Amino acid sequence: METFYLALVFFLLLNLGAGMWRVLQGPTAADRMMAAQLFGTTSVAVLLLLGQVEGDSALHDVALVFALLAAVTAVAFVRRAWSEPEKEHDSK
Amino acid sequence: MSIAILYALVGIGLFCLGVYALMIHAHLLRKILALNIMGSGVFMVLLALAGRTEITPDPVPAAMVITGIVVAVSATALALALMLKINAITGRAELNDAEEK
Amino acid sequence: MEALSLLQWLIDGLIGIGLLWLAWRALFCPELFKAIVLFIAFGLLMTLAWVRLKAPDVALAEVAIGAGLTGALLLSSWAKLRGFDANKGMGAREKNSEQAEQKTKRPFFHGLYAIPLLLMAVGLGYGVLQLTPYATGLSAVVAENLDASGVSNPVTAVLLNFRAYDTLLEIAVLLLALIGIWSLGIRPSVREATPDPVLDLLTRFLTPLLLLVSAYLLWVGAHAPGGAFQAGSVLGAAGVLLILAGWRLPLSLAGLPLRITLVAGVSTFIVVAVLTMLGGAQLLAFPPSQASLIIFVLEITATLSIAAILAALFLGSRPDHSEKI
Amino acid sequence: MGDFLLTIPWAVVLILLPLVGAIACFLWPKKVNQLGLITLGGVFLSVVGLGAWLLENGVYHHAVGGWNAPLGIQLYADGLSLVMLGITALVGVAVSVYATAYFDRSQSERFWPLWLFLLTALNALFLSADIFNLYVTLELLGLSAVALVALGGGKAALNGAMRYLLASLLGSLLFLFGVALLYHTYGSLDLAMLSEQVESTPTVWMALGLMSAGLLLKTALFPLHFWLPPAHASAFSPISALLSALVVKASFYLLLRLWLEIFWPISGSVAGLFGVLGVMAILWGSLQALRQTRVKMLVAYSTVAQIGYLFLAFPLAMGAGVTAWNAVIYLAISHALAKAAMFMAAGNLLRFGGHDRIADLDQLAQRLPLTIAAFALAGVSFIGLPPSGGFIGKWLLLEAALMQGRWDLAVVMVLGGILAAMYIFKVLGYAFTEASKPSKVKTVPVRMEWAALLLASGAILLGFLAPLILPLLAIGTPFDAFSGNEEIMP
């Protein structure tokens, strides 16, 4: 079972790589931010799995805080950095 | 080689990347990012090397890293505020040597 | 078993490479916004690394402070940089300055920097590899004295009892950073937050949750990962959320009451220090029988102060001045 | 009564009192001047108390939290810490009195909390014997110093503050890296424990290199001095005085402690490098000072040069031990007094004429005699003329150099003195002549003139006090450990 969980963790980490590609490619700021959010969500899953593997319930707390703080960062992005949605295309 | 050493080496890599970026970038936000990444590198070395053990890891480096993270966020906040102030006055978020003469 | 250990290595290798790659891209990709997003992702991956290194206390602190608040601070500062530019009618300013940045890059000279740094990296790596394979840390001493510390989580014991003096100075550093920022006299950003129904709903839902989690972390810190810093930064995040939602501290509270909250953490430390010394003991020496109570009191005020300071750091200007302009 | 006073833990008071003062100033901005001056008075008395205690009992130890090393943090005070604390209190009182007249209402509200945080950091740093705790005090020191520089508010001050902040953070992180390596080698953060265990391994060398590099950057030794002149010259004058006199010395003190207590047994030979950098700092700093057209810039570059002298002691200590260390501490404290006085005098000039262009000083010798006298007296100490404190320091250093036949270093010391004379007289010369275009003048508060003059006289007086101060340095002498190794050194 442990091996299965760890394999799952590995798979999820590879997924993060895909998310990274989105952060780099954009093309809009929102795309990048969404990708970073996906990063957060996947990490929550990784944390829960690792918590299962190591039998450490503290990791559930980490996952919880992770999920909550990701929401705050997203709000910071929407409120502060994403004020002019139309002009935001930093095509590059 | 153990996992502790692996992470310690990653920490060294982060530290050196940070120093390099700190030196070559002109934009202050980049310099601040560079300092943060350097800091993460040092914290990683500090904590990773505590993992060279079979029993429960040493709590003292963990406490030191938590202290370090708090100090780092304080310094970052001050640096960002200073950067904004410089930008407000000079219109550029860069150090400007000519102004100092 | 073989597969298990291989998987462990693969996971750690992937995290390590991911960290280096993210750091590299965050530092050297041409657009600032992208760099910040990559840095936030870097912080998140850092959290996984701390977990792998069996330091959930640090992971909690990293995710709350390192990734969460620093990320919000960076995003907000970036937006303000653009805001300044826009006010001056230089919408394309950032692009220009970034192009300028590209132009001033002189690869030859930068290569000169890279060589000694590479040597330094190799040297440091060698130094680390020379260490004894087993740590000569303090875990044994900490475990021995844990019973007298008043808490059963060793990291909390170190932070609030064995090395409480560090923590005192550290809260002082936080307070100092805030005072330093206030003394810069930055005008608060003029742009008022427009009301947003979705955000209001989210805030209403998230704020109580953050409060609850903060209280939980504070309570759990005595015997499991958690404690004042983690609780304080989650509470501070609640403050950041409220600020983002357009909520402002009432003016009647923005003066002395706010300042008292900001200094409460460090002041409690000082009061406890003085009391212990008046009792004839050493500075910050807690009698074992009362240690857990003292630590709890210290943690509560520290949590409140840390939260207030972090939220105020995010605001970036004195709240009692903001209403005047 | 005397016994009761000796039971008060003065070292702890020295750390907590300024912190309480800073918080009080933050809470009640209307009363900052009174609160601040009371705090400074208390700190000064506490240093006296600690001195009395040390004379009575020898070295001071305090296990914070009741936990001994390696678990807990140790406070430690010997003669060296006492002298540094004393000079901090002395300069601190003078600058504080000066500041009450220099700053207006809103400026002093911002100045006082930051300055008291700086004082907390300095005192905590001089008293700590734990390398991680030292890292935290270094950060407290760096951030408060940067915030103080930024108070200036102008382009130059903000630029200087930012550069200073970046250099300071880089320095702290280098230091912390060294701390990490030392901790993982020996499992302890306590200076005394580390000094017993340290041996010559690659990891320890790495730690030594990182920590020294970080501290050298903070001390602004040539060629790492780039951040110092802009930061020190663009800050408000009392703040420049604090930075040049005290903050730079704090990281130097730490460097001295580390080398004397941890690294000395293994690394005597590398000290030669410090000597070379010291020589270059003296020459480069003095020549740059000579080229400056503004008084504050000149004084700031003079700091770069004077720091060079402090590093000459490292190579000399190999053969001349205690003499060299005494010399360097004497130089450090007389530089602290004289440089603070000089920056205050520069502040007076700025207040008086609204500028500090050297060429337009316009007969200030007649119009601001006290200030020019302060400048001249401080200059006497830099040049190293008898009977100043600078003279004693240089004399001891020359003696150490000649004892070992290091003629090269002796020549540089003399040359540095001549160059110092040239830049001091450059300012004084213009202060006696009439400028081509007279500028509007403002009155300078009497307090500001006297504060500068008294400190400058202190720098001269130090020359006479040598028989009193040198024995203080011998309390728990940190130089013993090193003289024990004297025979081992080639």
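Worth pointing out:
By letter and in written order, the chains are A, B, C and D; residue numbering begins at 1 in each of them.
Just so it is clear, contacts are C-beta pairs under 8 Å (C-beta built on N, C-alpha and C of every residue); 3 or more make two chains touch, one makes a residue touch a chain.
All of these numbers come straight from a predicted model, not from anything done at the bench.
Taking the mean of all protein Cα atoms as the centre, the chain whose own Cα mean lies nearest is B. Looking at which two chains touch through the most C-beta pairs, you get B-C. Inter-chain centre distance (chain B to chain D, centres taken as mean C-alpha positions): 27 Å. Between the Cα centres of chain A and chain D there is a gap of 48 Å. Chain A and chain B have Cα centroids separated by 22 Å. Taking each chain's centre as the average of its CA atoms, chain B and chain C sit 12 Å apart. Multi-chain contact residues of chain C (touching two or more other chains): 8, 52, 54, 78, 80, 124, 128, 131-132, 135, 137-138, 142, 163, 166, 170, 173, 176-177, 180, 184.
Across the assembly, chain A contributes no residue that touches 2 or more other chains.
Shared interface positions of chain D, defined as residues touching 2 or more other chains, are 132, 136, 139, 143, 146-147, 150, 177, 181, 183-184. Shown are all chain pairs that touch, namely A-C, B-C, B-D, C-D. Those residues of chain D that touch chain B in the shared complex are 132, 136, 139, 143, 146-147, 150, 154-156, 158-163, 165-166, 169-170, 173, 176-177, 179-181, 183-184, 230, 234. The part of chain C that touches chain B in the complex is made up of residues 8-9, 12-13, 16, 19-20, 23-24, 26-28, 32, 35-36, 39, 42-43, 46, 49-50, 52-55, 57-58, 61-62, 65-66, 69-70, 73-74, 77-78, 80-81, 84-85, 88, 90, 93, 97-98, 100-101, 104-105, 110, 113-114, 117-118, 120-121, 124-125, 128-129, 131-135, 137-139, 142-143, 154-155, 157-159, 163, 166-167, 170, 173-174, 176-178, 180-181, 184, 186, 229, 306, 310, 313-314, 316.
For chain C in complex with chain D, the touching residues are 123-124, 126-128, 130-132, 135-138, 141-142, 145, 161-166, 169-170, 172-173, 175-177, 179-180, 182-185, 256, 259-260, 262-263, 266-267, 270, 273-274, 277, 281-286. Only residues 2-3, 6-7, 9-10, 13-14, 16-17, 19-20, 23-24, 26, 29, 32-33, 35-36, 39-40, 43, 46-47, 50, 54, 56-59, 61-62, 64-66, 68-73, 75-81, 83, 87, 90, 92 of chain A touch chain C when the two sit together in their complex. The part of chain D that touches chain C in the complex is made up of residues 9, 12, 16, 19-20, 23, 26-27, 62-67, 70-73, 75, 110, 113-114, 117, 120, 124, 132-133, 136-137, 139-140, 143-144, 146-147, 150-151, 153, 177, 181, 183-188, 201-203, 205-207.
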